[in-house]
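Just dropping this structure here.
Which chain is which? They are A, B and C, in the order written, and residues in each are numbered from 1.
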Amino acid sequence: MKKTINILLILALGVAVFGATPGFAQPEKVIRIGFPGGSGRPLSAGGWGYVQAKNLFEEEFKKDGWTIEYNYIKTAGPGVNEGLANNSLDFGSHGDLPVLSARAGGLKIKALAAVRGGTSHLLVPTNSNIRTIKDLKGKRVGVNVGTWTHALLIKVLKDNGLTMKDIKVINTSGTAFETALTTGDIDAGFGSLSLIRSGRAREIWTTVGRHVRYQNTNTFVVREEFLKKHPDIVKRLLKVYVKGLYLASLNKNETLKFNTRTGTALADLVTDNGGQSIKYLTSPKLDGQVTQQYKDSLVLFKDNGLIRKTFDPEKDLYERKYLDEVLKELKLENHWPNYDINGNPIKK
Amino acid sequence: MKIQLLKNKLTGLIIPLVLYVAWDLLSRYELVPSTLMPPPKVLFETWWVMQSSGELLLNMKMSLLRVGAGFLVGASSGFLLGTAMGLWKPVEQYLNPVFNFFRQVPVVAWIPFLLLWLGIDEWFKIVFISCGAFIPMTLKTYDGIKNVPASYLEVVRVFEYGWFRLLRTVIVPSALPSIFTGLRLSLSEAWMLVIGAELVAAGEGIGNVMVIARRLFQTDVVLVGVIVIAITGFAMDRLLGLLETRFLGWHRTQNAQ
Amino acid sequence: MERLGTLEVKNLSKKFRSRNDELTVLNDINLTVQPGEFISIIGSSGCGKTTFLRLVVGLEKGYEGEILLDGQRLNGPSLKRGVVFQDHRLLPWLSIEKNVGMGLKDAKSDESRKAIQEHLELVGLKGFEKHYPHQLSGGMSQRAAIARALVNRPGILLLDEPLGALDALTRMYMHQELERIWKQEKITMIMITHDVDEAIVLSDKIVVMSSRPGTIKKIIPVPLARPRDRASYDFVKIKEEVLEEFQLHTEHPFTYTI
């Protein structure tokens, strides 16, 4: 009898220990949005920058007491995933590898819209004798593991007949990466133009001017549980967001200027995205450009062990209902064309 | 007697078993999201995939090699310093304050410095692990020698022993239980630090597998790593424990009285 | 065997210094021990018996007066003087055999093996060679300690309350054993005790000490034939004489707490 009681007690303890883990409670009337924040700057690039700078969400939700919380997560996309997993974030806007690996790992999220146009540059120290991708063989490459540049590196190596096994991966990011590159602790890695402009690095490869499949295509995602609980809020938020994108798409120069608040120089923004149409850069549509690229990525990630099991994004990831309704209500169905895998508008 | 012993061992299994059942139930009925705590079944599958692909073995081998090297360097230099300080007054007077000063610094606090000096390659990891393994070994060896009972030393003084015989007959055997404790602490420290080192700097190794898995939202892999680390650490400690019983039978039974 | 020597202690005083205190433990001790004599030292606890013994062994330094062995000043501990401590001090990691062999230069030689075997037999521990100290009773451990002290044939054996921890029956048995060993080995023995009967049974002379500071109060010879009969008139007479020194009489049972 006493034994049974003991065992029951221990069982209760076990349940208490495990039961206490499911993360943070949902606070009242706060919308928490997470961004990869490697640079630590409190503003995002592209259409997001416009929405944030103009306080569009805050204005919209002021009247019914909801507040907006922008979080810039130092650990980038993977960090955003962790926030979504433990209920400390409701929305995220992050790259293909983090979004797809999260969904493959069972994280319950839905993609509401696409966020296009991420660029990067493969850098080496200025005095390095690495000239081409092929020279990377056996070299120490700084990788922000789990982010879109990790996936990009795999793609680029593959184009040159190499795999991740041919290089030494050093997991690093942000300023640690920049320092390691300048001290020569690592031989190469993806980074931003600012390192080149300050004379600390040299570029051997860039996404700029290449096929859009090398660019980062983020998705704007929401935690499924939040979507179920507040579909109206999600729709309103998305509506304001799309309105913002529309405004941003009207004046490319003004939008780029807003984006300098990320800390990136206007000249660099122009170098990176100046060659692309503002319509393309601001389009929220989950069109062929996105879905085809994600489909290819899933195969690539599976082959490289980045995800352990695959899934069908049409079924498990994309949630187009809200975007379609919003576009209709705003009469913007035809403002953005659908793009194909090559980033070209599909003519009706 | 035997049955009692078996019973004692089984008692230690009750709580893990209860936790296992609780874990299985909670994850099976989705009371805890599988992204935070994957169910046991998934872990077994993941473990099997990692095992059969050789991924687990390869990375464990790397980590164990690092532990081996760091432990060997750290524990043997700790043994030498501890012995020297325990036996020779001048060494003790010169080095003990310095040692005590530096051992106040948690080993992880040296990471930035070590990275600066040694870069992020193997050297960093091995030196880092050695530092951690060095401290408990020095302390326990020194302690063991310092605490050789004066009464035993008097016995030998009457027998006019030379220093070698004194060391062999009295000092080493008397200090051995403490030295063994030092070895065990040192090994478990080494094992913890190898994971720490791999979390900081890349390369193959089970710690690195976990870092990457975390970044790729593979909670199951992270958890498999945790369990493999626990089991390996436990096994290594058990192995030393067995050696200890073999060499220090007198000590166990004496203490049991 | 070591040639037996005469132990002479002249005007021996010993002080212990603590931080700002000075404690005179022994004051002006004079004692001569002839080769082959059995001497008991008896006195209340804390009177300096152990200190005296340690001085004679050579474990304690810094004293006034002289301790001479055959006219030679002592210079530290030596194999010539065996000692059995109050606690047996067997090394727990060595078997009984190895403990007993501790005092031998080369414990592995045939000669040594024989000596160890002989001494184990002498103290009645034959068959316990491979046992460890924790497997022996208190009495057996003391006997092993005695064997260890004897194995390298010291001229003098010093015993510090060797039987203090034993029960009365074992103790009486050990008295016979000690006497037998003493006779067989023909060595000088100096034994500390606070058991008056024990002292009379075994000794040629009983040294009675008084405390604070420790001095020799009286030396009482025991001229009785061996083996001694505890119930004999002469035995009781001598017991009276010893107890007199502690202002006690046989009517009062002797207590160990004096």
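By definition in this document, a contact is a pair of C-beta atoms (placed from the backbone, for glycine too) under 8 Å apart; a residue touches a chain by one contact, two chains touch by 3 or more.
Here the structure is a predicted model, which is why all the values come from computation and not from measurement.
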Name the chain with the Cα centroid closest to the overall protein Cα centroid.
B
Select, from B-C and A-B, the pair of chains that is joined by more C-beta pairs in contact.
A-B
Please tell me the distance, in whole Å, between the geometric centres of chain A and chain C computed from their C-alpha atoms.
88
Cα centroid separation, chain B vs chain C, in Å, comes to 49
Taking the mean of the C-alpha atoms as each chain's centre, how many Å separate chain A from chain B?
40
Along chain B, where are the residues that touch chain C in the complex?
151-152, 154-160, 169-170, 173-174, 176, 248, 250-251, 253-254, 257
Give the list of chain C residues in touch with chain B in this complex.
57-59, 76-79, 81-83, 85, 87, 89, 91-94, 102-103, 132-134, 152
Chain A-facing residues of chain B, complex:
14-15, 18-19, 21-23, 26, 31-38, 46, 49, 119-120, 201-203, 208, 211-212, 214-221
Chain A to chain B touching residues, read off their complex
7, 10-11, 13-15, 17-19, 21-23, 78, 81, 85-86, 97-98, 101-102, 104-108, 145-147, 168-172, 180, 185, 306-308
